[in-house]
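What follows is chain A paired twice: with chain B in the first complex and chain C in the second.
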Partner chain A sequence: MNLGTRKVLDRSFTSLGIGSIVVMALALLVVITPIVYNGLGAVFFQGTIEHRKLLQDEFHRGDKAQLEREIEESGRYRMEAYRMLGEFEAELEGMDPVKARQYRMQLGPVKTALQGLLGPIPGEEPGILTRFRYGQTRWEKAEEKLHELLYESKWDYSDPNVMAKEYFVRRAESFEGTSLLPLFSYVEQNAEKMLLPRFTAYWGFLFDKSVDAHIFGGIWPEIQGTFFLAIGAMLFAFPLGVVAAIYFTEYAKDNLFTSMLRSANSTLAGVPSIVFGLFGLAFFINTLKVSESKSVLAGALTLAIMILPTIIRAAEEAILSVPKTYKEASLGLGSTKWNTIVTVILPAALPGIITGGVISLGRAAGETAPIIFTAAVSVGSAIGLADVLSSPTPALSWNIYNLASEHEMASEIRHVQYGMVLALVSIVLLLNLSAVLLRARITKKLKG
Partner chain B sequence: MSGEVQKESSRSQAFVVSESRRKMQKVARTAGETVLLLIASFVAIVVLFIFYFVAVDAVPYFQLRGFTEFFTSTSWYPAGEPGEFGALAIIYGTGMVTLGSALLAVPMGIAAAVCLSDILPFSVRQYAKPVIEMLAAIPSVAFGFFALVILAPLLQTSGGPMLMWVWWILAAPFLLLSVIVGSDLLTTKIEDPLRRKRYATMLQALFGLLALLVLYVVGSRLNAMEILTGTNALNVSIILSFMALPTIVSVAEDSLQSVGRELREGSYALGATRAETLVKTVIPAASSGILAAVILGIMRSLGETMVVWMASGNSSHIPEPWYNYLEAVRTLTATIAGDMGEADQVTGSARYHVLFAMGLLLLVISFISNLVSERIVVRQRKILSGQ
Partner chain C sequence: MMKRVLMLLIAALLLGGADVSAAGTGIVIDGSTTVGPIAKSFAAYYMKKTGVAVTVSESGSGNGAKSLINGACDIAAMSRDMKPQEIAAARKMGVNPVQHVAALDAIAIIVNPANPVRGLTRAQIAGIYTGRYTNWQQVGGPNARIVVIQRESNSGTQESFKTLVTGKASQITRLAETQASNGAVKNRVSTTRTSIGFIGMGFVDSSVRPIPVDGVVPTVESVRSGTYPLWRKLYFYTNGVPVGQLKEFLSLSATPDGMRIISELGYISR
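Presenting the complex of A and B:
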């Protein structure tokens, strides 16, 4: 091979390496950006009057007098729309029954869409669920509903070789020549006045209970559950892990038994997370019966087992990185081995041990598979500290799955899902960030 | 003066420990160490317990239904009367997404590890490391959500053009490089430098045209492809490769770093370029550590639950044709997670125990790969420490 080709190969090898790292950074960016952008949308958005009504009714928050004024103001515009609807219904009464039935069939979706947009139509009994008692709380959702009201979606099956395409027909066309016709253009022009959208910072998203299965309200029960589970896991795993690390670094002899213990440690680190879930179910719940069924306690124990190897490894590394001179000085002064460990080595290794602990805390907070069978429920209110021994809890990780995959209105509440993902990712990444900063400080300190 | 001496001696008296007290101390120390040992062996006990309790619930399944159906049938209808528990398609799906993610993550991970350990200057490396750590820290359910809500619709609506662009971006530089290297290699036998250059240019033009043709034909075929569902094996493989990358990079980098300076310097001294040094000297020397990294990375994809549960489509059949990554698949982990809710735990039906059988299968695979990778790492450490 001539030199030129070799140089080209060398350069391309370098760019392959750099390219891979860039791909990883891009992957991180591509995953994080939409989560942050859309997740912030759960807190900051154009809130409509329906949102303010809901806050007032459910949480008694907001300026009541102003809300009344706004309701009155928007009510005026709404009345006009309802009047048109009523007029048309009266017109239907006097129409040819065949024709009237046809119109009624087309009126159904219009009314549903109008209800979805503005809330229940006066004089009609709203459904029992909260979702039927309010219109769209978010302006961008209201715009979608408005589109649904104005256009009928149809599917084009004309070409059997390609997938059916969706197209839209103005609903107004089917009501040509009736008294309902002006309703469509009226609602289109006055939607903003009927809903009064305003920039809202809904901090309650983080601290409120959920209302009607997360269609409204906040995610506090999930956040609290996540904290309970992660901290509970740490309570079990951290002391055990640190003590085990002390044994491995200071007491273990270099023999078969020790290497078996180490092997067990790395085996435990490699067990798939769902198997921890199976084990938690079979052992903690079905055999030990720590609780009747799922509970925070069972989940925390399962998570503790999962993060134990990470804690042991981190603590071992931290203890090993304490300079040998510290230990020798302490022993030379006549202190016992245990005394040296407790008063000299552990304090010096503490920042490193805590770093490992913080990273494990993040891991416990983010894991889903081990808590599916042991601790997580999809709906529920925040539980008190006294209930952790016996009752299950909603948790961020599980509810993200549940809302995204199993919720009946999954595609309607994307903002809640994004908000949850952002909350979880921020918790985990903030924990990791603090661990990184802590570690940087230790390195600085050890360098002197 | 004498008073001070007196004091001194009484003070040292305190350090002289009586025989009985020393014995007590010894007992206390032994007891303490035993407690420490017990706590340290807690991990081993847990591992034994995991094996035992998963196996205890898995065995009844095999007693009830035997081994043949589980490993050879593809019909998975656990809710039927009587239920059918053929897990072959599920095992196949697991293998498929694991292999797919490995194909993406292994070359990229090794290249990134080499880059981190040998190419990037320290100042840049400091910023690259946190990126990798952050990628590792993102919870799997967040990746799963991304795969389900963002990537899957994107693949479904514009998957063809996306694949085409990825193909062009990846294949164009690679093909260009092979054209240059190939024409150079084919003309090395020619002695006369002028003639060699002429032939090389001709070959380059010829190969270049061929490469363009390949780029265009494959690209247009990819572009015309219609993806029926975005929740498929490809989607999951891509996301799983993101998740396996940090593991592969960090373990492989450790192993590359443990290859001494001497090997590198020797290679440079013989006139090798950096790429040649890395490919022919450093990577072979670190190969066993890299292999361990690959195994650990693959384990991460194999054991992942949330991403595959949310974004693989959960359809229990072997794709048609068998290598079709654009079809929905189902994996072991997702089946365990998804079916446990409906399985009757109290009566202990086959439907409940079959999930434990799947868990046992996963557990055994992960246990074996862990042992293998551990042995490999130990061996490499021995070799590199000069034996």
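Presenting the complex of A and C:
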């Protein structure tokens, strides 16, 4: 080939390579940035006094004396707003019934919005569900609620032949000339004094149980469940996988049977995870009855089967890459085959085996489909180690899906969902990082 | 160093769950995503009151029934009646399904808030879902193709919808999109301006608009009085007549607190 053409080809290939790396890095950035930013938002945010009340009531944390001072301080501003509300309700009593009825209908949403912002209105019975017992715990959510209080969203349906447009009307306009009018500007100006937002680092997000179906509280049961499932899967899959790999590389003869086994193993590696999930349900729970219902054990076994092929392949590769001379030297010195495998080959192959194992561990932690039917529940408390044989558990991967699609207040608790995503990504990343470190350590040790 | 971190981690895992494990066997609930919010809130309420661990999975009414039949759950939450085949299958496994009404629920027909359509009759909704109407213009809306959203075959809400609107035997249009939960349908409708879907009333919020059916808006009053046509009962099923903590848990829906929870969640207590 012409030298010039070769150079051009060479250069274009280089730039193509650089280009694809840049695209990949950008894609990663696009994916990771919102996860990290919003995920950190679950822990670090402008927490209002409602957040501190919740922590005190549910978890008995925080400075009680200071909280009481704050409640008193914010209470003064709140009382003023409630006074205006009460005054208006008294005014309604004396009003022309038709007009009063009209005002009452408009007052309903105002009260709901005020309740959403500040929590239950004094004199009215607070809800039983925790979500109705507190106002907004996060300042950015409070600002949204404040907007809801001040403006009414309306849609212009005047022309039935086109899609309507949303527009906002100041609620104050409908209360022109009544004693409620000053409430709107008062709340708008004093919202901060009523809620006392300040920067909060809510570490409890990682270590608390959830309160009222993840609307408040943390994600500890999910984190713990994820660890239980991943480690449980490893306990089953790792020894089995290594033994199988030893068999394949050292003992198996090259015949039809072993080649069938090998191709079966490769096929298993490519089976979609939902198939493993259904298999786990049918086999471990319905047939073997390893537990009465979904359980960590059944989930771990299912995950174990899913990651087994990967572990076998990784271990096989690692064992095959041990130089033949090691084995020959050991056998030549009179060692038995088994002894050679245990004392010479396995230690030399260990870094590769462990890498495969930990990457599978990460995969087990992140998979959703295999645990839907075998282990995961959307609400449950953290379980103790004694319960893993019989109890199901919440797990990050499943609960992320649940919060995204099934939760009745999904759009209100996006921060929890992002927090879970960040936690899961960090766990997988940490596992992979530890694999790299472990591998480096062992390799160093082996070199002496 | 590494070892110490590992030890700490294991210790934390062990300690984390220690308080609950003493509570003994808990209650396992599986089934409908529509009943999910009630089941979850009852679970939280009951756990707080008695310390009994209650777990809730939301995998759909059909899966709930299967779980109960296989003895994999204590309570199956369902948004429809158990089918004769399911009851037969249960009997064969030695399971005797007993029905408990948890609450009433309206099926809200929802459209995007931007959609100016005034209301639909049951016949019009059936027409949309069977593929007779494909454009909003045909039912009094703007000129736009109707994006039809339905639920998966496992869904009790889907079954109830078919029973109440299109008739059990009729085929839903092949152009209909399938979503796997109430939340997913709501999400899809709130982001697609020309879509129509149906969800349990408890899931309706300001991101979608429930439209009047036969001229009646779904509210607590209109369902109670029977003027809103699309409503069904939500059930808890147990194996045999419940005793002990199961009985106590199920009777929650008749207690004042339980009824408050149901209405706070947007359902209708019995």
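Here is the rule we use: the second predicted complex is superposed on the first by the 407 of 448 C-alpha atoms of A that agree within 3 Å, B and C clash if a C-alpha of one lies under 4 Å from a C-alpha of the other, contacts with A are read in each partner's own complex, and residues count from 1 in each chain.
As a convention for this text, a contact is a pair of C-beta atoms (placed from the backbone, for glycine too) under 8 Å apart; a residue touches a chain by one contact, two chains touch by 3 or more.
Bear in mind the structure is a predicted one, so any value in this text is a computation, not a measurement.
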For this session: Determine, for the superposed model, which of the two partners chain B and chain C contacts more residues of chain A.
Result: B
For this session: Examine A:123 and indicate which partner it touches, taking first as chain B and second as chain C; both and neither are also allowed.
Result: neither
Problem set entry | chain B versus chain C as contact partner of A:381, first or second or both or neither | second
Problem set entry | First, second, both or neither for A:97, with chain B first and chain C second | neither
Exercise. Who does A:220 touch here: chain B (first), chain C (second), both, or neither?
Worked result: second
Problem set entry | Which of chain B and chain C A:12 touches, first, second, both or neither | first
For this session: May I ask you to decide whether A:286 touches chain B, chain C, both, or neither, giving the answer as first, second, both or neither?
Result: both
Problem set entry | Intersection of the chain A residues that touch chain B with those that touch chain C | 162-163, 286, 372-373, 404-405
Problem set entry | List of chain A residues in touch with chain B within their complex | 1-2, 5-10, 12-21, 23-25, 27-28, 31-32, 34-35, 162-163, 240, 243-244, 246-248, 251-252, 260-261, 263-279, 281-283, 286-287, 305, 308-309, 312, 334, 338, 359, 362-363, 365-369, 372-373, 397-398, 400-401, 404-405, 414, 417, 421, 424-425, 428-429, 432, 436
Problem set entry | chain C residues touching chain A - in the complex, by the definition given at the top | 2, 9, 13-14, 16-18, 20-21, 25-26, 28, 30, 33, 36-37, 39-41, 43-45, 47, 53-59, 63, 67, 70-73, 112-118, 137, 140-144, 180-184, 187, 193-194, 202-203, 205-207, 257, 260-261, 264-265
Exercise. Of all residues in chain B, which touch chain A in the complex?
Worked result: 15, 29, 32-33, 36-37, 39-44, 46-47, 49-50, 53-54, 56-57, 107-109, 111-112, 114-116, 119-120, 128, 130-135, 137-146, 148-150, 173, 177, 180-181, 184-185, 188, 226, 242, 245, 249, 273-276, 278-279, 296, 299, 302-306, 309-310, 333, 336-337, 340, 345, 355-356, 359, 362-363, 366-367, 369-371, 374
Seminar exercise, completed: Interface with chain C, chain A side, in the complex: residues 127-130, 132, 153, 155, 157, 159-166, 211-213, 220, 224, 227-228, 285-286, 292-294, 372-373, 376-387, 390-392, 402, 404-411, 434, 437-438
